[in-house]
Each structure stands twice: as C-alpha cells, then as structure tokens.
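What follows is a structure written as structure tokens; I'll ask about it next.
Residue numbering begins at 1 within each chain, and the chains themselves are lettered A, B and C in the order written.
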C-alpha cells in the first residue's frame, strides 16, 4: 500500500483493488460547508488490511461511506476518484453502485444491535443480502447459504440461530452474524467501521481473529476503521491517520507504531494503554476537542491542540502542512517541524513514556 | 400472551368500574336535580319530589349504583312514571327523555359516529401517512416544505372553523357536495358515503396534518437508523430499503397512536357531529350532560372509556405482533 | 301562562323554547324591526258555520310533495296531554285535533272555532260555569275507529296523572277547582274507573261544569289537553313517541333524536275540518339541525332544502343573508306573544322612584340593536298580540331612555342594584349594555350571572338576594288572563317556584284581578288594558324591555304559510309545496 498527499496520484499503487485519489467530500449545510474529507489518497490490495485511525469527526467514517457510495448525491459534493476493481464510482449512477454494494464491497458496522433490523430474523436478513445479488437463487438456497455463513463465522447451532431475532443474540454473536452478512457474497473489499468498539475485550479479540481468518480464506482487502491503535497494531498492514478531514500521517503499521512522526499520532499513542509498557505510567489524553469541520483552524488544523505549534514561527497558524516523506519509504507525515526536531521531541518527550513499545 | 390478556382485562375492568363510580359521584355533586329539567313547565316542589322518586333519585347513592351495575349484568325493572318497564341485560339504564333503554340510544347513535370515524380514519391514515412518508423521503425539497406548511395550517385549524368554511363553500354556496346526513350503509351505500363526505374530509384533513407531521418525523428518524444504512450497504434497491426496512419500523408508533385515537374517537366526535348536524354518540353525550340525563351520561362515558381501554389492549397486542422485541407479560 | 323559557337556553334545549304565542303577520317581510303593531283581532266564533269543514282553499295551492322541518332538538313531548312548548304545540295541530281550534287567514284575523266540536262552545246557562261541546259526525282516528266524546274525556282524564303534569293545567285546575288538582282524582291509571271531576259525557256531547265562572273555556280546550286518545291504544309512557292521530297526518316512523316521518292519515276527513288544508303528502322532521345550519341551508337553496323550513328565529349570523329583497317572500317575521322584562324585586327595592327611574332610563333602542333587530320597541306589560292591547309608555324617555330625568327622580343620589340573569354569552352582552346605560342615570348595576339550569329555581325562591331579575312571559291564548294573574297576584306568593318575580302583593291589584277575571271575554279585554297601565303607573314593578319578535324562513318551493297567531311558528295548516 502506498499513500501520498494530493495531487501525487501517481503514488497510488496501480494494481491495488481499491484506489482512492484526492477524495474530497463536502456537505453544504445551513451553517456552512462541511469539509468532511479534504483530499485523501490511498489504496488497498486484496489480502491486505488498511487501518484508518482518528477521533470522531476526523473523516474516517465519511471516507468509508463514500467508498460504498452511501452518501445522498443531492446533499453531498464528492470529487476525486474511488476506483473499485478498476471502476471509478465517483459520479456513477446509483443503480450501478447498488450492484457493487454488498457484492464487491461490504461493510461491518460498529453497533450490530442497531445495525441489524430489529423486526426481521437474522437468517432472513442474511438471506436477503445474498438474494439481492443472486436474483436467480431460490429462497431456500438463500436460506441455506445464510445458515452456512453463520456456521462459518462460528455461530453454534446456526440452523436454530438463523430463526432468531437480533435481540436474542449476544453482542459478540450479533457481530459474527453481521460479519456473516457482509461476507455472504464473497466481497473483494470489506470495510469494518469500529467493529469491536461495542464489544467487551475478550470478544474483541475473537472477532479480530475471526476477521483475520476470513481474510486469509477469502483473500479480501480490509479497511479497518478505528480510533483504537491497539486494534490497528493487531490487524493492520498499513495505517492512515486522519485529522480534521485530512491525512496527517501514513505508513506501515510498524512505522506508525514504532516511529510515529506526527504530534497527533503521538497523542493517540499516549492515550492507549500499553500491553507491554510500564503500567505505572499515566495515560495522557489529547487535550482539547476535535475541530469543527465547517470552521477548521487556519494553518495546521491540529495547531490548537499541539504542544509544539509555534516552533516554526508563524507557519503552523498560516500554512496547511503537506504530506511529505518522513524518512523511510512509504512513511509520510504532514507536519511543519523538521525531521530532526520531530526525532528529538519524540525521543525526549514521548518515547521515554514507554508507550507502544 | 394469555397471561397478558387476563392481566390487562382485569386492569381494564377495574378502570371501568372506577370511571363509573367517579361519574356517578360527579353527577351527584352537581347542585341541581335532573328532575328540574325533566318535569317540564309546571314545576312545583311537590312535583319535583314525584319526578325524583320515579327516577329513583330518592334512593341512597350506593343503592342507585348497585341498581345500575345489576342492570348491566342481569337486567332490571324500571318504574317510568307509573309505567313498569323491563330493561334486559345489558341494561345501561333507561333514558327518561327519550323513553327507551339507553342501549337503544346507543345502538342508534353509535353507527353514526362509527361511520364518521372509520371513514375519516381511512382518509387521514392514507393521506396523512402517505404525505408524511413522501415528505420525509423528499426532505428539504419544495414538496416537503409545501406538505409541512399545509399540515401546520390544517393542524392549527379547528374542526368547527374548517367544517364551517367547507360547509359554506361546498354546500351552501356552490352545492357541489351533498348536505351532511346519515343513511345506514345497509340501506344505501352511495347515500351513506355522500352524506359522510364532508365530515370525512374535515376530520380527515385536520388529522391528516397531524399524521403527516408525525409520520414525516418518524420516517426521517428511521431513515437515519443504522439498520437502514445496513440495508443500503447490502445493495438493496432504494424502494426495498424504504418499504421493507424503513417503513415497517417507522409505522409502529403511528399504529399505536392511530389505535389510541380510534378508541378516543369512537366515544364520540362531539364537535364534528355538531358542526355537521349528525346525531352521533358524542352529541348524545353532550345533550345528556345538558339534560342531566344520568343513565345516558353513564352509558356514554362508559362506552367511551371502554373503547379507549379496549383499543389500548389491542394496540399493545398489535405492537407485540409488529415488534418481536416486545414481549407481553 | 308560559314562562319564556330563555333561562334554560343552554344548547339543545334552545329551540324548544322559542316563543309560542300569537303574532301579527302583517305581510311585514321587510326584514324585522319595522313591523306594525296591530291590535289583535282574535275573537271567538259565534256562527256555527265557521266551524264547518272543509277549510277554505288557498289560492294557487297544490297537493303533494313533502315539507321538511329542520329542527334542533327532539320535541319535548308528542303525547297531547303532555305537550306545552310552542314547537310541539305547532306540530301537534297536524295529528292531535282538539275541541276548538284557531282558524286564521294569515292577515291577522284569528277566530276560535269548533275543531272536533261543532262550535267554539256553548255556555249553557250564560254564567260561564257550564260548557257543552258536541262532536261532529265522521271523525275517525288513524286506525278508522270513530272519535267519540268518551275518547275526549279519556284524553282529559290522562292529564290528571300525578306523574305527568307537563302540559297546561288550566282545565284540570278549573274542573277540580283547586291548584293542586290531582289530590283526589289521579287519572285513569291510578284512579281507574273513577269519574273525571266536572266532566259528563252523553252520546256525542261532553259537558264541563266548573265551580266558578270560566269564561275562557273555549281557549282552554283549544290546547291539546282536550285531544282525544283511544283508551284501547293508550301505550302510556310510550304514547309520547307515537300517539294515535286524529288529524290529517300520522306518524309512520319516529327515530328518536333523528327524524319523524308523517304521512297522510287516510281516515281524516277534510269535510269535518275547518282549519287544515293538508296540502303536502308528508311532513318530515329532522332533528339535530341548529337554527344557524337550518337557515344557512334554506338560504343556499339546494334542491333538497327547497321545501324545508325552520321553527326558530334566524340567528344574527345569518340574518344579513335573509335580508336580500329577492329572499323577502321566504321570510316570515312578526311579534310574538312574549315580552321581555326585568322584574324589580319589590320586597327589596321599595323606593317607587328607583323603580320609575329604572323605567325612565331604559335604553330599548340599543338593546334591540344588540339583539339583531328582530324585536320591537314596547313598554307595556302585554304583548301587542293580546286582545285589547293598548300601546302606551308610562315613563317615556324616548327610544334610548332619558338618563337625566331619571337622575332627577333619584334626587342626585346613586343607587346600587344587583341584576340576576342566566349566564350565557348573549345575556352577558345585554347585561353589560344595561349596566352601561343605567350608569348614566346614576344607577350602578352589579351583574350577577346565574347557572342557567337552576336559574328559575333560584329567582323563584322568595327572599333571594337580587334586586333585578331577568325574565319574560307569554300568553297561552290571546287574552291577558294568562298573563296578569300569574305575574301579579300577590296572594299566590309561596316559598319556592314563584312566577310573581316582582314579589308584588298589592290589595288593589289583587282585587282588580278578581274583578276582571269574572268578566266575559269581550268585556274583560279593555279592562286588562287599563290594569296594565295602572300597574305600571302606580307600582312600576317591572321594566318591560321589548316585545320579542319572531323571524323564521322557509324554502323557495314552500307557499301558503305565515306565522301562526296561535303558536307563533309558521303554520302547517295551509302550507303547500310549489310544483
């Protein structure tokens, strides 16, 4: 996987299954124009997992929704390119996108209880997803397929479970069912939007393992959207860190976790409990709140929350930093500070805290 | 389900008994005697006493109440000014104004109210829910604004205002619509519908407005639900998403409100009945209150209460059918 | 005597309360306000030929069609012995014939003639104590059985039942010669087999014998008290819903509170009837239609409503629409037998000058305007429809009253008086207006609205705390004998249920009441008029407000009708449907 700042579209891997170039998503509202995503470029190959990390409002979920073409075209302005299996879906007709949805690209949502329809049986909901892309399949075939999928995701007594309603499932079981539904059409790309956030820790691990197993089996590309770097470190191959609708740092999971370059990434890492570090070290949350997407701070969007803003004169407050190579190949960061300064600050202020070793 | 039903039926009977007692007591709290309105012009105190005796008003209240209750279950004998009458169960009493068992008054006026309400309901459920759903799907468009504007307008209109204007416009001035009147549907369905048209339109429009706003709000809320997004993410066509996934969920609370409304309306739509000169159960009740005609007051209050209680039970059961998460117990 | 039932005009009852009583219909279709006051010419027919059928044909009238009465509330009663309210009295003329009846020409000429009887009554000994009535031949009930004097006697006997007593009480009280008329004889159910006091039946004659002279017997038996009832078909309490017809129409179907369908009675013989033409084939009464709706429908002239009419005053909201010149022939307007009063409680307001000042400062003009203009200016106790009526104003302050003169009369002091009235929007408006114009005369009214349901109960109880009391009265027949004794005989004041709301008890008035009451009808008339003036000039116990007007409308295809001088509504006797 490769990422780069716009307009470096050539940095996108031309063989990747999903290629996103300079994606911009804007919602005109009464209060002003919401720039939910403001120039994102990335790609994912089949069999690979991309973690998109950021707080809520960073644009990660909007990005994933755009890949499914779920935004209402009447109320959303989308520019750039989203190429799925070689087809650009930006500007594509709804009927065509609809045929891709659920078949080529599928999605798993954060809260399986609200994401599943409360009035329909689980089996029927899965069968419906199968049938819409296999119109010639009989109802019985669709049902059989649904039960198979439930079995595949590790739900015991799938035949019986298929006849139950979502509220009769436990949280983990529901997410398994959700995954079964997403995978029922063997999609090439699976987007998982915070799939484990609503689950307790032990179940989290099981679900992540399940996703990894299934990825191996189906050889699908996965986009894992999360605010949890722990999850990213467990499953991702590459990572895209977003802030205020823009990418602030990209790289391999190893680069991002071990040698993070952006103060925001540092902040994210500092707010995650380390499995290996010093338990006595306090967690440090990032001060302040995510910015308004209507009224981004001028210059670097992160400047109000950045301890180091002002290190380079006025630049942080006047100039939007571009995503630039951060030393190692594939590692890019959007920060006005020089590579050396970042290295020094990381070594002095962050690394000794022992996070994410 | 059975346990639920038994429990609710018990609760319902308790409610009805309580309501009947309260009505009874309220009636006797009124400082004037119904005899005054019943004995006509030559009211000497002696005659008032006579009339009160024949109405059974000289009996203690609890005796009068138990007589009333006894009438409902086993029937009773009533002395109407020297004429002995058998009032068979269910005897809701004997109306001394119309010289008949109250059940006759009810069976005569209830079909009128029923006709008004059921017809109006068809109008406001189809028009109201239809418009509301469409407006929700076309949220923010000119259609949506127009529909919401119109519904605010109609919802803030009173039955007597709108009814009066429609009467003036379509009956008195242009003669486009027939005069509101009641013909039994069994006798002449066309005349029945013709005579009910204006009440249906009036009650229908006003409630359509309420239902349009309600269903629009419900639908907009439902369209933002995660499961609707899931349905779309599955690749379902927009129509399937709307109908099978969104509508089904959005309609549930509307069914509840419609059911409760129906229960309320069946007890009488006094203003509509009055505006269109239809002698439904609501008008009968208002008249009875005016005349201090206790048996009719009791009967209409109890019937109104019965419909409300019954519809509540039905709605709860319906809810359980629609929403598998609801368990009755 | 009938109390103007206005006090009870809460909702549904309102229509039944509309004025009954005589009215002059002098073709005054000009839209209210300017009807002429003509002196009532009602007399008792002396020529038996006038009692013979058939009724004089109406020019241009045709038979057939159905007329439709749009009515607010179900009739209080249909049982002839219980009927007393004007709308029921008016409908009863078509199914309940009486010994005598009013023959009218619509031009103000009203004559009391024999209806079932061959004449208006035979004063056997010339002392008004024995009255004899002979029934005509060929009279039949709707089922074909002949109507006999026994049936008339049976009808009268029913009116004695102690559980009933909703109808007029004149005949019963005269026959029993006491106010509590049913203490001994209690009617055919409770005193089965006992003779009816004072009544004798021989063949086809019925004779009434009274202890005292009762010169107005011919009027008293014009009320449905004297209507025949076949004992074999008496359904007692249920008779009220479907009485057996002796008139030209009978009830085919009666859905209580909904409608009544009257059809022709095949056994009615026009040749026995000097009063009714019976042109329409049917009469349909529809209930639950307010005067406003009814008037609107008639003005709208929809085909179905072209043969409709109302027996209620057109409400103010619809009045302007009925004042178009082309609509004039569909309006029937005129004065009623009712006069609107403010009774002055003379047990509380003892100062005659205050009473006079109240009369002098009375602004009738603004009150009539406030009510829409269908009523008439008047300051007498009697309505102009009563025989012998003389117009005068004992305290003439002009149409708008004379506050200055009133002030002088009070000698500069201000007076505070409580004014009781039934609480309703209209009454509140009128009371506020009265407070306004009386204030100019230095009279401060304290307005005390009372519960309409118990209004007469309250103000009819002696010793209540109100100085002024709203009220009204209408005569049962065109004679002041049904007005003055009821309102001004102080010897009848009791603890409760008083009609003498001025609580006046003056020996001079009482004596005059006795003297005039014993005179023959023709002689009594001018004497009543003199008493009217004397009471007002000497005692001023009342402020007469105005003569209550009637203002009714009918559909464009109805002809031949006029405001009846007997019961105040448009008559059905000569009504016909235009082809």
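Rule of thumb we're sticking to: a contact is a pair of C-beta atoms (placed from the backbone, for glycine too) under 8 Å apart; a residue touches a chain by one contact, two chains touch by 3 or more.
If you're wondering where the values come from, they're calculated on a predicted model, not measured in any experiment.
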| item | value |
| --- | --- |
| Chain pair whose interface holds the most contacting C-beta pairs | B-C |
| Centroid comparison with chain C (C-alpha atoms), farthest chain | A |
| Chain ID, smallest distance between chain and overall C-alpha centroids | B |
| Approximate Å spacing (C-alpha centroids) for the pair chain B, chain C | 40 |
| Whole-Å gap separating chain A and chain C, where each centre is the average of the chain's CA atoms | 92 |
| Inter-chain centre distance, chain A versus chain B - centres from mean C-alpha coordinates, in Å | 54 |
| Contacts with 2+ other chains: residues of chain B | none |
| Interface hub residues of chain A, defined as touching at least two other chains | none |
| Residue ranges of chain B touching chain C (in the complex, touch as defined) | 31-32, 36-37, 39-47, 50-51, 54, 80-83, 85, 97-100, 104-105, 108-109, 167-168, 171-173, 175, 178-179, 182, 274, 277-279, 283-284, 286-287, 290-292 |
| Of chain B, residues touching chain A in the complex | 140, 225-227, 229-238, 240, 245, 248-249, 322-325 |
| In the complex with chain B, residue positions of chain C that touch it | 2-3, 5, 8, 10-13, 73-74, 76-77, 82, 84-85, 161-167, 169, 180, 189-190, 236-238, 240-241, 255-258, 287-290, 293, 296-297, 299-300, 302, 304-305, 451, 453-454, 457, 496-497 |
| Touching residues on chain A, where the partner in the complex is chain B | 68, 70, 75, 94, 98-103, 106-107, 109, 111, 114-119, 128-129, 132-133, 165, 167, 181 |
